[in-house]
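Consider the two complexes below, in which subunit A is the common component and subunit B and subunit C are the respective partners.
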Partner chain A sequence: MSNHEAVKRVPGAGLAKGLAVTFRTLLRRSVTAQYPEVKPALPARSRGAIALLEENCTSCMLCARECPDWCIYIDSHKETLPAPEGGRERARNVLDRFAIDFSLCMYCGICIEVCPFDALFWTPEFEYAEYDIRDLLHEKDRLREWMWTVPPPPENDPSGAVPKEITTAERTAGPLTPGAGGDRDGGSEGGAGE
Partner chain B sequence: MDISERTVGVGAGAAQTGDAVSAKDMATEDMVLNIGPQHPSTHGVLRLRLRLDGEQIVSAEPIVGYMHRGAEKLFEVRDYRQIVVLANRHDWLSAFANELGVVLAVERMLGMEVPERATWARTLLAELNRVLNHLMFLGSYPLEMGAITPIFYAFTEREYLQAVMEEVSGGRMHYMFNRVGGLKEELPAGWTGRARATVAEVRHGMVRVEEIIHGNEIFRARTRGVGVLTREQILQYGVSGPIARASGVDFDLRRDEPYLAYGELGDVLRVVTRTEGDCHARFSCLLDQVAVSLNLADACLDRLEALPPGPINQRLPKVLKAPEGHVYQWTENPLGLNGYFLVSRGEKTPWRMKLRSASFNNVQVLKELLPGNLVADMIAILGSMFFVVGDIDK
Partner chain C sequence: MGVNGGPVDLPDPRVGALSRVAPKPVRYVLNWGRRYSLWVFNFGLACCAIEFISTSMSRHDFIRFGVIPFAPGPRQADLMVVSGTVSDKMAPAVRRLYEQMPDPKYVISFGACSNSGGPYWDSYCVTNGVDQIVPVDVYVPGCPPRPEALLHGIVRLQEKIAGESLGERYAPVPPAAALASPLRPAPERP
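Moving on, here comes the complex of A and B:
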């Protein structure tokens, strides 16, 4: 039906073309990553596993409540601190158990977003597959261990709004050094030391 | 198209016919053949019940629901941030576009203005997501027809794009980057430059895909004139997206009912259409759409760099409640029209959220499209309908 398309072709031209591609590919460097030997370079925002900075956790349960599939388990008890001189007794929460079931987790990051005390972080680590699904339940010591692999967050795009952490810090400590994100027109290669 | 057919064996049906002489007179029973739910040529768990007369399909019925996860019901007990998690999973190849519909619907109900940078960044990411989706099908479709190489090329390009998406959102497939009022986080410094380099890289890589498969004579022979969808069938079944445009239905929400920043991209946005409506037209529609999307991505990057500094999201109240009412938000997803009908009674969860997914409507037309074709062509037709089973079964 489409006669105008049927330009007389040399028989086997398609085959020759295919072989030419094969030959060209033979000369090109492979793009395959040799995974177990060579680890992938993952960006800082990569959602691999959730790390818990136990010291920051007040067991407020916000993360467990907001989790869309309820895979965070928290147990805590109240402890009364003896009254310091001239003061009164203070109650404080002690975290007994904090566990994330990674076999249920959907890796959405809502728990990290809602945590008001910066106790949860993403780490790009991903090599924690298990033979038994029950071993994917990470208790708080294992979650604490992930903390050592948490990378610093990437610097924001210079045309974005100044993050609220920096504005609050500047309000108390004065202007930050250029490059730390507070200085808008300064170069970003400056000492972002702290 | 003419179908040549040869009867090479006589089945069990012949025994009952007694002394019938020619194969034509034999009263044979049609054979019922189940394709799927577990079958190498189907994507995921779509099941087709075919009635065959020899090699020819007499009737076909898509049986859906093997992967029904009750997304709509789950939406009703999730707040608007949690819905985003669920919504990006029904069509896992266009996660960003799925999230987008949800947040656009909620923003419309709230009457919320989204910062300009967020709008342009969303448009950019939506187009990159479209390229990722199309690359998947541009690779897997030739694979089903016996050409193995294109999928490696397609996945090479996908990998570059996924790295860009992962850097900005942290996810390779389920981005979870849209929030009501903007995006989750600011773009990382230098990301726009890397995104621009990747877009150029993918544009370069697309030449390879096009060269190896599009002009291939075997590929042409198997797809030309096979599975022709007419304009009437498209309109009757509510088929949308590249499949509809391959049959000459010139409808694209990005142009016809612009959302995000598409209204300002009119000079870059070219709606790709074909008139043939066969498998080859559908495939080449997809191929050309990639080029258009890459151009759109470049235009978005230009605008993002030219925009004055500003926020990328809005401060939200602790408890976000959509006001009482209802809204229907549809978007041009990579595979077709995706719509959310959101009914709110002023609570922090929707009262009802109906999901209109592209693939669900697109596969229904198989019932009309498959009969009359040979089983071997079914593979070609099925692959060219570009669906994701999660999007069918929701």
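Moving on, here comes the complex of A and C:
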């Protein structure tokens, strides 16, 4: 007879048990992150926004074509460099406009993966809520400013293979540093943030 | 209920004229009160709602900002957070619940889908942005945005409330043609 046993319990035992939980929680440290005062420590790979290293962009349109949302806008024109002594004139693309519509972007990172010249990077920046939806279309100057918030690339695995950039350089020019070979700190190509 | 048991035509709840033409110090106090007691009503339609719930929980805890997630319904709420894909079927409900909220009311569009349709912008059944049916105050980008991004959007909204004048906010509605904004032109080519 569970009902009969329930009657025989000490009155207020449940209340005391509940208050004990409350008291224990009272002594514990709060888990609340104090966001506007304390910025969150975000991992280096978090997908906050997409930054553009404009100097690396050749306006090849690969990112705009691969974007599932079609939220990248690129305008460019061809510029012909004058012929040097005994050569012919060269044409190159000049980027006029690079804009990402962050109201449409689904943060899949395909543009960053397909970029063959390492011009696009993730930045953990997330504070860009706007009052007008048109302000969420960020032009290349804003995307270039975000480059300064891109974290440095991860260190190479010390037990991994030597990066092929270093082995190629060593094959042509000999050991890069005296006593090198095991020295692998020079492999951070694509210097992000600079 | 009326005498015949039918519905009664009540006037629309509006912000009073006294509140609209109040002098500046009074407006400041009213705005100060409004910005720190935003009873929020979550229009959770998709995965972004999970981020909203995460923001309301103890780790991010937006009650610190006075955003109180216990509104019993839209009639008691000041702020609506539309988080998720607004489909064309859901759009009338969003509009209806928005209209049930008492003035002054604010809307945060949370996430790519409610900003502009997001990945579904060319779907046959998705509204391309909740701002097509209700006026939106703050757009939070992300897919989904971080909980901190919603907190930042709330802070931006509070800044907006602090500086606003209800007379301007509830001015006579301009014609629909004036609401349609022209496309932003591309920057000039060099």
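In the analysis below, the second predicted complex is superposed on the first by the 138 of 194 C-alpha atoms of A that agree within 3 Å, B and C clash if a C-alpha of one lies under 4 Å from a C-alpha of the other, contacts with A are read in each partner's own complex, and residues count from 1 in each chain.
Simple rule for what comes next: a residue touches a chain if its C-beta (ideal position, glycine included) is under 8 Å from a C-beta of that chain, and two chains touch if they have at least 3 such contacts.
Since the structure is predicted, the reported quantities are computational estimates derived from the model, not experimental observations.
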For A:107, is the partner it touches subunit B (first), subunit C (second), both, or none of the two (neither)?
both
Applying the touch criterion given at the start, work out whether A:170 contacts subunit B, subunit C, both or neither, answering first, second, both or neither.
neither
Examine A:66 and indicate which partner it touches, taking first as subunit B and second as subunit C; both and neither are also allowed.
first
A:75 in the overlay: touching subunit B, subunit C, both, or neither? Say first, second, both or neither.
second
Partner chain(s) touched by A:145 [first = subunit B, second = subunit C, both, neither]:
neither
Pick one for A:154: touches subunit B only (first), subunit C only (second), both, or neither.
first
First (subunit B), second (subunit C), both or neither touched by A:54
neither
Between subunit B and subunit C, whom does A:130 touch in the aligned arrangement: first, second, both, or neither?
second
Between subunit B (first) and subunit C (second), which, if any, makes contact with A:31: first, second, both or neither?
both
Using the superposition on A, tell me which residues of subunit A are in contact with subunit B and, in the other complex, with subunit C.
31, 46, 68, 106-107
Residues of subunit C that touch subunit A when the two form their complex
58-61, 64, 109, 112, 115-119, 121, 129, 131, 136-143, 145-146, 148-149, 151-153, 155-156, 160, 181, 184, 186-187, 189-190
Within their complex, subunit A touches subunit C through residues 30-33, 35-36, 40, 46, 48, 68-69, 73, 75, 77, 96-97, 101-107, 126-134, 136-137, 139
Show me the residue ranges of subunit A that touch subunit B in the complex, using the header's touch definition.
1-2, 9, 13-14, 17-18, 21, 31, 42-47, 66, 68, 106-110, 113, 122, 154-161, 163, 184, 188
For subunit B, which residues are in contact with subunit A within the complex?
78, 81-82, 84-86, 117, 149, 156, 159, 163, 166-171, 174, 176, 184-192, 208, 211-212, 215-218, 224-225, 304-305, 307-312
